[in-house]
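Shared between the two complexes below is chain A, which has chain B as its partner in the first and chain C in the second.
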Partner chain A sequence: MTGRSVSPMLLRLAEERATGALLRDHGTLYLSEGRIVHAESPAAPGVDVLLTAGGRLPRTGWQEAVDKAGARGAVGRYLVDSGRVGGGELEICHLGAMFDAAFFALAPASGPTRFRYGVAHWFGTVRPVSAAAVERETLRRRELLDAVWPYEAVDSAPVVARPPAPGQTVTRRQRDLLAMADGTRSPAAIAWTLGRPAFHTLLDVRRLAAAGLVDTPQGPPQEPAGAVPPWVAAISDDPDIAQLRRLRDALEATL
Partner chain B sequence: MPGIDACLDEAMALPGARGASVVDWTSGLSLGTAGESPGGDAEATAAETAELARAAAEYATFAPEAAVTEAATSEGAATEGAAYEGAASEADKGLPVEDVIVSTRTGYHVLCFVETTFDSSVFIHLWLDGATGNLALARIRMRQLAQRLVLG
Partner chain C sequence: MANTEASLKEALTTIDGAIGAALVDYTSGMALGTVGGGKDLDLTVAAAGNTDVVRAKVRTLELLGLKDEIEDILITLGGQYHLIRLLKGRGNNGLFLYLALDKTRANLAMARHQLSGIEAALEV
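So, the complex of A and B:
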């Protein structure tokens, strides 16, 4: 479907051990010395949602951590040091949120890519991961979705539950998800409500659709709003600096 | 500070330990890994063990208490999801399955589920050598490690 690499620019930045923020159409990846330390996407619930949705962390506790430690970029550290969240728990939660956001940020429909050197995220570093590992995981996830149920339409449509066939069992986590399927909520909305990563919800919905427990809408999936044409990404994803310099020089010479 | 790496180090200190990893069973994501992995590819191992863990964690057969509550359907909600309203009940507290053990010709695999206070699906995988490993000890220690990983 697509090439081996999700983002040549990301791999190049990793190679030069860059620090900063890689801004893409569907999300942002934060690098520290070439390793990915944080990711954000409007499509994926953040650590705050994952921790507060189930009542694990009161919203005020999260706000306090942001107020006290946000300015020095150590919110994660503060949550652990103040005893709000265990160290291992924070790692599990943060890694889950990071790979989730990265999956959407590195989506093929993404538009222009820019990198802002020196930018760090206020959450702070928890457990850095190599850019290559994030790329591999993102590709694996795309393939996994299609291997389970190759109908993209279920990813964005409102989830409509279907009654189980006689003798068909519905598992614990599936029940939680289906209880939220009121015919208007999309998989993303359900992810937010349950405090689960968005990819996990997409995957569960595809599994449910494959089992006939969720409707599969007919026709092609809706285009995500605000996406620029793919040729923009194709160019800006991998700017050929040498070529641009030659062009500039040639232009200057003719003037 | 206890975390994934400390947990993996302790798992690897068990007699006969060949490899250990922390894996998310919904997605098959490897959150951390130490030592060897059976096929030489830790990410592939994570994805495969996740499939097994998911089956064990999800099938009703292994969670008999949870199945009982399915009859409890709430009256008020006339939505399509009403049949599933029994979702978060008393019987769902605590994990239905604690661990999965696979015995192979040359060793053992212990998949020990981790219970977090937020919604997650994580387990620790320990690969143990059949000749030098102690399965009973490993199982007890893995349970402790799984608890310590989140309490920290």
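So, the complex of A and C:
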């Protein structure tokens, strides 16, 4: 570590072994006793997309797991116990999605950062990771992107493929990506369609741009996509517990 | 149906001469799990660096037009073997197992065989 920190608040919460949700401009990190157990960001496909887009898990199978185990916060456990996904596979997929979302959630942002104590994610705990490890990996990823091709503009612009030079080849994974580059899809949209982590797609696009196989747009970069809606910042620190109870009771009565 | 940590621990305890093992995502270079290593062998650094090895070889196969896949890659040092085994399972999300072995204590053929068993146990 070089003393830089992506979120001093995250490290402080980790130190005090806090449990809850850290809400930032571009995503949310869920902590349990100071360790990160889940992350989500509008910029990164979730575990559901990673598992279902490639056909690994039918959409109905995912829905069933959420219906049956979502309320007790054990969707991951249910997927494994019902034999739909292997334990190692789920762990790897979940870790991949978590580090991916954390990368975007921890992106430099000017917006407010809030922490809701006691909140747990419905997916359940798979493998907790220390905040320091997530922070280290996020910094490594930022540096990696810039080491490959230091032009941020390719991250958000529609991907435009360029013809390969004679003798130039691309790998199968890159070919799949280029096949999606229709001049309107952004790297994030391609990640969603292919069911791949968003960071991996950004990295592939930067590598392709460095190789001259994808256009690097000139001019000012576009507004980054995937910020959470503004109402997230307006969530009160002091929730109306009584109203939430009434809401819950009403929902339970109708379901 | 083992989890990653159990699989890596198994690699370290059952394979003769194993110094360290890691499960690595070769697109991003992130180690999803590491076991062993130590101050002489930083496995997260090794993981990130070896992704370049794997990607270079994948690209070479494309250039050669070989319609085949890499099973494993062996790197022989003066005192160590480094074994990279690409995972193929159903997910096929671009992962490899990385195993560092002490050359004087390791049995290479046996290690390759055991590593493929661990891959199967990981069920990815």
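In the analysis below, the second predicted complex is superposed on the first by the 220 of 255 C-alpha atoms of A that agree within 3 Å, B and C clash if a C-alpha of one lies under 4 Å from a C-alpha of the other, contacts with A are read in each partner's own complex, and residues count from 1 in each chain.
The criterion applied here is as follows: contacts are C-beta pairs under 8 Å (C-beta built on N, C-alpha and C of every residue); 3 or more make two chains touch, one makes a residue touch a chain.
Predicted, not measured: the structure shown is a model, and the values here were computed from it.
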Chain A as common anchor, with chain B and chain C clashing or fitting: clash
Touching partner for A:His200 - first (chain B), second (chain C), both, neither: both
Partner chain(s) touched by A:Phe99 [first = chain B, second = chain C, both, neither]: both
Which superposed partner A:Ala181 touches (first chain B, second chain C, both, neither): first
First (chain B), second (chain C), both or neither touched by A:Ala161: first
Which of chain B and chain C A:Thr169 touches, first, second, both or neither: both
Touched chain A residues, chain B compared with chain C: B
Partner chain(s) touched by A:Gly86 [first = chain B, second = chain C, both, neither]: both
Shared chain A contacts, counted only where both chain B and chain C touch the same residue: 50, 54, 56, 80, 86-89, 91-93, 95-96, 99, 127, 137, 140-141, 144, 169-173, 196-197, 199-200, 203-204
Footprint of chain A on chain B - complex, ascending: 1-4, 6-7, 22, 24, 26-29, 31-32, 43, 47, 58-60, 63, 66, 70, 79-81, 83-88, 92, 96, 114, 116-122, 148-152
Residue numbers on chain C that touch chain A, as the complex places them: 1-5, 7, 23, 25, 27-30, 32, 48, 55, 58-59, 62-63, 89-91, 93-95, 121-124
Of all residues in chain A, those that touch chain B in their complex: 50-51, 53-54, 56-57, 80, 86-89, 91-93, 95-96, 99, 127, 133, 136-137, 140-141, 144, 160-161, 163, 169-176, 178-183, 194-197, 199-200, 203-204
Parts of chain A lying in touch with chain C, wherever the complex brings them together: 50, 54, 56, 80, 86-89, 91-93, 95-96, 99, 127, 137, 140-141, 144, 167, 169-173, 196-197, 199-200, 203-204
